[in-house]
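Heads up, there are several structures right after this.
Both complexes below contain subunit A, partnered by subunit B and then by subunit C.
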Partner chain A sequence: MISTVSKLRTFAGKAPWGFSFFGAAAIFLATIVFTDGVGAGQIITTALTFGTMYVIVALGQMYVITAGPGNVDLSIPSTIALAGAVSMKIMDGNDALILWGLLAAIGVGIAVGCFNFALIRLLSIPPIIATLSASFLVQSASIAYGRGLRIRPPEAFAEFATGRIWGLPTLAIFALLLTVIGSVVLHRTVYGRSVTAIGQNQRAAGLAGVKVDRVRWTTYVICASLAALCGAVLAGFSGGSSLNMGEEYLLASIAVVVIGGSSVAGGQSNVAGLWGASLFMYLLVTMLNTFGVGAGIRMIMTGLMIVAIITIAGGPKPSRT
Partner chain B sequence: MMPNLMTPRALRSLLPAISFTVLLIGIFYVQPRAMSFMGLNLMLNLALPIALATIAQMFIITMNDIDLSLGGFVSFTACIGATLLGESPVLGVLALLACIGVYALLGALIHVRNLPSIVVTLGMSFVWLGAAILVLPTPGGQAPDWLRAIVSVKTPFVPFVIVASAIIAVGVHLFLMRSSTGVILRGAGGNPQAVARAGWSLFRAKVTLYALAGFFGVLSGLTLVGLTTSADANIALRYTLLSIAGVILGGGEFVGGRVSPIGAVLGALTLTLASSLLSFLRISGDWQIGAQGAILILVLALRTLVNRMERRK
Partner chain C sequence: MTVTAEAPFVRLENIIKNYGAVRALGGVELTFNSGECVGLVGHNGAGKSTLMQVLAGNVQPDGGELSVLGQNESMSYGVQRALELGVRCVFQELSLCPNLTVVENTRIRHPSITGFGWRKRASLLIRSFLDDIFPGNSIAVDDLVADLTLGQRQMVEIATVFAKTTSSLRLVILDEPTSSLDHAIAGQLLAYVRRFVTEGGCVILISHILGEILSTCDRIVVMGDGRVVEERPAARFTKHSLVEAMGHVNHAPQAHQPETVVKARTAPVVAEIQPPRRGSMTLTARKGEIIGLGGLAGQGQTTLLVLLQRSAGRHISFARCSGPVAFVAGDRQTDGVFPLWSIGQNITIRSLGTMRRFGLIDPKKEREMERRWKERMAIRTPDMANNIYTLSGGNQQKALFARALASDAEIILMDDPMRGVDIGTKQEVYHIIRSEAAKGRTFIWYTTEFEELTSCDYVYVLRDGAIVSEMPRSEITEAKVLQSSFEEVAQ
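Up next, the complex of A and B:
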């Protein structure tokens, strides 16, 4: 038992992302064995569609978490709700206005991101508290703005959100492109390297000439913009926006980042792991559903799984003191 | 000895009281009829469970950790209070004690494996919510009579909720700020190395703080279900964010075990009052959460100002 755990630990240390893919595959196999192979294709396409939403949001959250200890964005759910409502209102069910709706959603994201960082910087408060306070305001804005708002998405936009290309969900392909870009930006650009450097040691990064404030600002804007984009897509997918459609994404975004093998302490991130972790999270729910367990057991299992994974992967190793 | 009220330190600790008073004066100005036993009772009716949850969160924040599962935990204990506790009191009490035990275990796990509390409690929030759904699949249940009797005690002159809040605030203050155990607990958050080198066990400090948080979480769930008489699995989910906001409003900081029990209770009361002021001003309920956020930002801005003042000296 102990040796298994330690083996798992070394494995998790070498390839943190492999763990999530391995888990996702194991769970998928268990489900298929249980159903005798019935509905395998269906499960994969659904998992890809719903997993995609997790990936988009978690990509932003990963940028923020990478920027160092204590950095986390709690305003994601309210941003999703507000951006969803705004984009649906601007699009107004009209195909010609889709682009404007998307731009408006991203505008909401940029505004929220700037507000978040302004609070962090001007009040010099921890990001958890800043994004928490901001989320209260954004949430109220979306309640007041979205009251009684029930606008269906434009036909073409709904088609994009629910459609398929060569049997694959269009959304999944779109998100794959997004993660490739996200990965290149994080690992190959000055900005991305700066985010990682700040996450490893903010003071050292600052002394080495990294413009810490500007990089962190950009990071919060990127995170909020991706959440906003997800809000618009989610509204298109589910036939209109609703106030609580972002709720599950706060916990999910953090969980996906952690299960995907990024360090919660920052400075180390993993884009590929996001996909593995998203599929893992969604397939876990599907498997428990197939086994016929109730909502209560399903949530307990999901929660214990998150705790178990972080326990095996372990926390940040204490640095030299 | 009269402390100088104009020092940044004194100002900072007075800030929660000041913001509470300003809000109360605002309410009395807009609606003078609220200035009565009945008015205060109505406005602060649901403040007690929030205050207790805020104290629970404060113990976690003392250790520089954060508990994202508190809302789910309070919901779960409320569900037990509405079902098991009435049906078979012994089993109910055992279940609640086990809950506190789980919190202590979480503290141990987080300490031993050096885990980020945010992720562990995030996972636990799913567990508590799932457990609450198992205990109480549909809203309902019935709080035991004795529980309802306790929370609806009528005290003379001052509403019970204010008396109880004051007792909690002062009691926890004496324990955490004045007792030698309290000093070690705060020290474990403020300067763990110093505490460890002086020979105290960080492990025990962390387990104690988590167990205390579990204890006050249970109290919060019980008072909540006593007030509402029935429960549902989602009854207290918003307490997670509300309790963090309350601690911060009350002068808590995420560094160095800087917390204040009296401030935390005042912070919880302030957040509860904010919605009353809004309804007296005839502002739509849509902005209720937003107003709580705005108050939070305002108080934080004032604190930053005080801190800047301190640095300039």
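Up next, the complex of A and C:
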């Protein structure tokens, strides 16, 4: 058993992103074997659509987690809810206002990101508490703002969110583009290198001339903006925003980052793995649904699977010599 | 191997300890007898602390013999054995748990206090010793250690070590015990040390305050470069002769004697700093100068460098740097190395801004810089894409030098960067520093090695965070630097 785990760990160490794809494929196979191949195409398409939402949110969370131990954004669900409500209200069902609605959503993200970082930096609150308390404020804002009214998204926007190009969900292509950009930013820009440096050793990064505060600030803003973007798209997809539509993204965003091969301790991240992990997370739920297990068992199984994956994939880092 | 009445409590014979290429102890011969207080002095890195770690059982010597009461203990000596034999120490870094009370800390030090009512017994024990050693102290034993002042913590630390329970207490090592105590309290401690010695105990006292060494100890041992260089009864030392004995360290002949011509200080000032709330003297660095920061270790030199680094491109009232700054870490683990990165990435991080093409880092330029500095610093690796930890400590240090030198920095701050670096590398780096300074770069160099100060144009000595003296190259002598480093001898 131990040797299996260590072998898997060696594999995960060499190709941290491969692991999540491997898991996703295995679960997919188990599901279609159970259904005798019925609905395989359907499952793939929905997985791509919903997985895409995970990918968008997790991309932001990945930057935050990369910035080092203790950094995490827990305000994602409430940001999704608020941005969804704001964008729907601005768009007001009018195709001409789509761009303004999206900009407003991103504006919400930037504001939440700045607020989060202000709490963390100016008031020296640990990120986990700062973003959690910020999320209560944001949640209250969206309750006050939305007042339960449900505005339908503009038709063109709904079409974009649910449509397909060459059989693939438009959203998936859009998110793929986003992850490619995210990957370039991580590996080829000064910002990306700076985040990785801070995540490994914040003090050394500061002494090496990295503008630590500015980089961390940008990181929280990027994360909240991506969550806000997801909120707008999600509202477009599901025919209007609702207060609890971001709920499942709290655990999902963190789990996807970690299962995708990024280090929980920071300083090392993996963009490709986000896709594998998102599909894995979605397919896992689908599989358990197909097997017909009850909601309680499903949650227990999901939890256990995540723990197992993190144990194997997030094993000890290569030791220092 | 018979136990005779004359057998000293501890005898050290030819004790050797190496850390990599660095010889920390080069054959130490010493004895410590019951009923005497031995003073141990020497400059930084003389091997005092390593020797005490050997006595405490924390460090295993590479060679030599340690015998206690005539019994050879070399084979089985360790922390546990040292405690059994009654050897205890108060180290410079306080070892109390700040989140626990004084009583609870006492319990940790004395595992024999167990069972029902331990709190009461530990409380009585520590109370009696605190009052015995420091009469009139105002420490409440139920206070959290975190709520005590630094001096009070030191008192608690000392009292828990002297507190006797079931085990015997025969030898106490006090490493800088008075550094955070005021004069009156220090006097109480030294008086207690004398009482302890009269009752048959043995104390080893390490201190940089020479007056208390001279007045308290029976015998004084001077160490230098991992050896005992002088050993006399305390009565045959004076402050002056003690400083002189510490200065008489055998230097390896320098391969390249730097020119002793003093450059006139006319170049424009590029950096200035006055340590906040610490005296009125200011450090001034001019373009092309190598400025040395001397003094004992941990007297605020690193803080000063970090402040200078922070002041670059920002307005801070007590420090000013005109031009870009780079920092060379001495403490590689905490201040320098990015452990997950390659050697190359560790070098280029400081210069990424200049390698952009269309906003993206150009891999070609990055490889080019890596290659150039691999050659220039002679970094011994087959591939700069290997992880930084595949390098030896000295080569990691070269990579950190390369990071600073490859950058656009005009002012380079060095935080005792030669620790653990072998002599060959040092010579290479000295040479590079001199040639870069000649090209107009300014170096501010904190070093604990006197020899390195002699290659600086100007030296500032720090003590307790303040600049206490300054001297141009022509006036730098080891005696002068030592004089300013020690409070009591300074004028």
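Assume the second predicted complex is superposed on the first by the 313 of 321 C-alpha atoms of A that agree within 3 Å, B and C clash if a C-alpha of one lies under 4 Å from a C-alpha of the other, contacts with A are read in each partner's own complex, and residues count from 1 in each chain.
One rule holds for everything that comes next: contacts are C-beta pairs under 8 Å (C-beta built on N, C-alpha and C of every residue); 3 or more make two chains touch, one makes a residue touch a chain.
Here the structure is a predicted model, which means the values were calculated and not measured.
Novice: For the three-chain model obtained by superposing on subunit A, do subunit B and subunit C clash or fit?
Specialist: With subunit A aligned, subunit B clears subunit C, so fit.
Novice: Give the label of whichever partner, subunit B or subunit C, reaches more residues of subunit A.
Specialist: For subunit A, the partner with the higher number of touched residues is B.
Novice: Applying the document's definition of touch, where does A:A204 land relative to subunit B and subunit C: first, second, both, or neither?
Specialist: A:A204 sits against subunit C, while subunit B stays out of touch.
Novice: Considering only the touch criterion stated at the top, classify A:N289 as touching first (subunit B), second (subunit C), both, or neither.
Specialist: neither
Novice: What is the contact status of A:V184 with respect to subunit B (first) and subunit C (second): first, second, both, or neither?
Specialist: It touches subunit C, and subunit B stays clear.
Novice: Which partner does A:R193 reach: the first (subunit B), the second (subunit C), both, or neither?
Specialist: Only subunit C is touched by A:R193; subunit B is not.
Novice: Touch check for A:G267: first (subunit B), second (subunit C), both, or neither?
Specialist: A:G267: touches subunit C, not subunit B.
Novice: In the combined three-chain arrangement, what's the angle at subunit A toward subunit B and subunit C (CA centres, steps of 10°)?
Specialist: Taking the centre of subunit A as apex, the angle works out to 70 degrees.
Novice: After the superposition, pull out the minimum Cα separation from subunit B to subunit C in whole angstrom, please.
Specialist: Shortest inter-chain C-alpha distance (subunit B to subunit C): 5 Å.
Novice: Under the contact rule defined above, give the subunit A residues that sit at the interface with subunit B and also at the interface with subunit C.
Specialist: 317-318, 321
Novice: Using the touch rule from the top, collect the residues of subunit A that touch subunit C in their complex.
Specialist: 184, 188-190, 193, 196-197, 200-201, 203-205, 207-210, 263, 267-268, 317-318, 320-321
Novice: Touching subunit B in the complex: which residues of subunit A?
Specialist: 70, 72, 74, 119, 122-126, 128-129, 132-137, 139-141, 143-144, 147, 251, 254-255, 258, 264-265, 294-307, 310-311, 314-318, 321
Novice: Please give the residue numbers of subunit B that touch subunit A in the complex, ascending.
Specialist: Interface residues on the subunit B side: 66, 68, 109, 113-116, 118-120, 122-134, 137, 193, 241, 244-245, 248, 254, 284, 286-294, 296-297, 300-301, 303-304, 307.
Novice: Within the complex, which stretch of subunit C touches subunit A?
Specialist: Subunit C reaches subunit A through residues 306, 309, 325-327, 329, 334-341, 345, 349-350, 352-353, 356, 359-361, 387, 389-390, 403, 407.
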